[in-house]
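All remarks here apply to the structure that follows.
Labels run A, B, C and D following the written order; every chain starts at residue 1.
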């Protein structure tokens, strides 16, 4: 579409702008599978829990794994900066919805590599799939420590990650080389367009995280002017997945949607747009087990010079246990509980039996 | 329209997005007919009252019939679970806008077939057209009891009903076979797209209910990601009706719009989009006679594991008697009273003399 | 645009959806003329004051005339029902924003033809152009009394007026015949589409009022489902004017926009869409001279069975004198004062010198 | 697009409607340059501070210059009307968000040419680039005084400035002749469309200011019906720049975006639409140094007959020092601090190294 003379822009859509349309077939809810498998790792539900300190501790990473999803601990988060982060989290819980400056100060404490290793060991011992997140900036420094502690999946995640970072000062991370040298499968992102997704797939990553500034808690649009509506971003990345599959004669790289996922219905919409799994953050902050008592923030909210995310207080009473939040039953009609029971039900109501098939479900565009 | 590369979606519109345009002719309001006939049953107004316990009791079903419409009692509702539902309704009336958990508990009481029969008999005795609703899941069990009590119209209604339910556990209901074996005409739904509507028409149903998740009180979009804007859903079902009429050389299956109908103007819009009749729920909850004192919910709001509808308190003082709500006169400009007097007037103001003709009225699309 | 299969609708736009674009020329504000002439009557400003009892009394009709516009008194309004309407208006002023039932009761008092004649005489005596409004339903009864009292312009106005009213009971008003038999020029409406406007022009009317349900104070959309966004309605009527001018080889019928006019900027937009003059109602209710102390309603708000307009209390303190409201100066940036000084200024800022030229100004569509 | 029959309008978009899309490359933030040069004057950041008395005093003009931008003092503002404007500013600061009448009275005090010269001298002495604004109406009278005091850049700015002003009373300013006769480079505006921008470029101006009524604090839309959404206005002016560059074989006229710039992200969007620099007003009113204590208004808000801008009180506590507002660091995620650090970062995150390149960044249109 034409913005003005000589400047065009593509129309882009949010998950809220689309909705699933029932088809002529329905199915028993018990005959639907929500299984997801990436590399050798198989999950009952297509959930990657967001590596935010607001929801992920070694304990909750284990709990998410035991409930059928994948928890990801932030190797640059509070658990790897403080020997005992519990008093810090308690103070954050009190100051939420207020002091970004306090958050900045809290994250000024240096990361300790021995803490990273200790946290990883704690998760591994439980037997669940073990995954940690590092930022692209610190990948070269921290990856050796992370890998030596033995993770199953490595998540390299920043606001925006490209396969081609230009720097004349540092020797920039060459993602392709780095991944080729590893035995551990890597999930990398975020990205928000076809080309970047395609280039990240070509680095050899097992999964690509999609989503930049799409979130209600992100202020990337206000601060940077960057916002890519999520339905479009997911569909574009899924197109890259398809083309890359063809280009390689069969390498399937998973698309993991991160952002704009608030209610259980959004999970269905993300998969309907082409996602293989969803990265959930804030919706898990309502669980009793959430380490910051319901507060929500992402690491970019603590950026020392240019914070770009809200530091939000708990929205109210906890929604329920992590089990109730993920698997139900729900006792409210608000879409904040039984998140994956709801996914199973929408698949049944539209007649699909697995996630890959459900990506084909029909959508309407509702711009009301 | 393109959501992203390789994923398209059709633009869909709400009743609120459209409006009726006057034409070059006007007509006396007394020379307009709002008569509606389905099978052998003729009604003064094209109203099917929603089988919600919030508005339908045996008494109100009779009252709606006497005022010219069709009342439908829920055979799986409170009147068929409790010998005396009045204390239950009184408690619900107090707890509305709050405890979905309480609603879930209330509906955990089993359905009693003898109560179903008793309630039906009570309605029949009044002489009005008798109709009850059963869910597709319980049709095989409950239909014999319902039919033996003698209903005129059977309404098989669930959130989404398809003509082709896949189940390997239960022997699924074969709607086509079931309807063929019956003498009683059947109304079935909801559905929300051309194909499902067409398949439901091919089961031999006399009427098809259109509408899934379109309602302000539905949370189907939040919970399941399913929402089909109503103007589009109705127009699509009307297209199926037209094609099915052609396919069969003359079987006319009625399209009954259910959802997104709040004000009297919405009734006109639904018919202008192609509906033959409207299923009204919440707008009747403001009548003095409403059994739950103005509270509003649908049965899906009481779902034991995944409620998908609001349990709303009375919006304020009652609007008026059921007669005033349906037939006026109105003493407010809010579109909540004299619902069918308003329909008659818009037909007069646009020069149409019956409902079938009025389906052709011109619309504008207003996306403001 | 396609609403659904087989049902199309035209996209329509509100005045708020459009805005005037400056052009490459500007002009001194003193070199701009806002003169408007209909039949033999010439006005300094293109203003027809709405025949609402909230703003029009014999006194204010005279005042509007003296300030350069055309006041229209309602021959079926309170001044022609009550010998002394001042106590009634005082009571209305107190009950506004509340009791439509009270308004209904007030308007149940019969119209008195001798009062109509007395009020007309009072306006005539001042020397301003004299105009009264009658409804199409009562035109045959009331017109003789109105005409014998000597009006300059007759306004036949209802919610929707067509050139072809179907009635088997009454002998319906044949507008074309009626107008042909008159010496007095007639303004007639409302209408909201090309065809109706064209047919009304063919009745011989001097002016056609455009606007149905477009107003914020109208509830025609809620009650009847009728709403035609104003920018589109005006442009369509202007197209009818152009085609009728061609058809007749030179009869120019004026298009008078009525509805959705709240701020001074809306006047410019209406003319930019093709209007020759604007009918202002609510914006004049803020004048000190407004007879109902700032309250606002139209006659349809008092309909005995189906009211379709709000009965709104004064929005706050009066905005200023009628002179200040119309001609300024303004001491606020809110667009509620100096309404026609603002029109003059936008014409200057876009380089146009008269209203007819200004109808060609460029517009943008802003759907934000 | 068709508004109605025979009246078309172009769809136009706000900065809020567009967003920047990341590309496949990223870059170190330290390798990005935000330099801007107009005529012989070079700036570290592409900032022209708005000549509003709310933010510009001789002191803040100097401070903006020292921080790398261009401050512009209003030669018709309070500093050139009052010997000591500080008490006036203090009183304005108290009355803000209220009395437009008070603002009108304050600006009724005549402009004094000796004060203009004194203020200019004060800025010059600091060594920063010196610029003042005069209105087109007073250019012929005031320019000699301004120029003799020695300004580096002359800003001729009104709500709407055209290259062709029609007046039969005054001898209208001939911009082309005026600029040709000057040694000092001139920046002129506002304008909001391709044609006016092109004609202003042809007057010989060094820069053209783009933006009419696009601002949240402007009431030009309400009062005059004029509003040109900013993304479209900038893109159109940039197209004029390109065509004029071609027409002249190399004269590059700078496009300076003025309006609808609230958060740091809006700066990036304006440049992405084609702007060379941004004129910031209200975002600087939050600086400690702002002379009116956080209140915000533009000169048009004080217009004696038709004010068209809000007189807004301080939004709350000051955001920080002018240095923090412009260059950071930020301790909030709200986009109101570190405005140009944010610009630098979005350029880095999308892989661009200078402003001219960044004008090519991809945009999405998000009409949610």
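Basically, a contact is a pair of C-beta atoms (placed from the backbone, for glycine too) under 8 Å apart; a residue touches a chain by one contact, two chains touch by 3 or more.
Keep in mind that this is a model prediction, so the values were computed, not measured.
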| item | value |
| --- | --- |
| Chains contacting each of chain A and chain B, listed by label | none |
| Same-site or different-site touching of chain C by its copy chain D, using the half cut | different |
| Between chain B and chain D, centroid-to-centroid distance (C-alpha), Å | 57 |
| Approximate Å spacing (C-alpha centroids) for the pair chain B, chain C | 40 |
| Residue list for chain D, restricted to those that touch at least two other chains | 11-13, 232, 367 |
| Pairwise chain contacts under the document criterion | A-B, A-D, B-C, C-D |
| Sites on chain D touched by chain C in the complex | 1-14, 16-17, 100-101, 104, 159-170, 191-193, 195-196, 198-199, 212-213, 219-229, 232, 301, 304-311, 367 |
| In the complex, chain B residues that touch chain C | 11-13, 18-28, 30-31, 194, 231-236, 238-239, 242, 263-269, 272-274, 328-335, 338, 341-342, 345-346, 349-351, 362-368 |
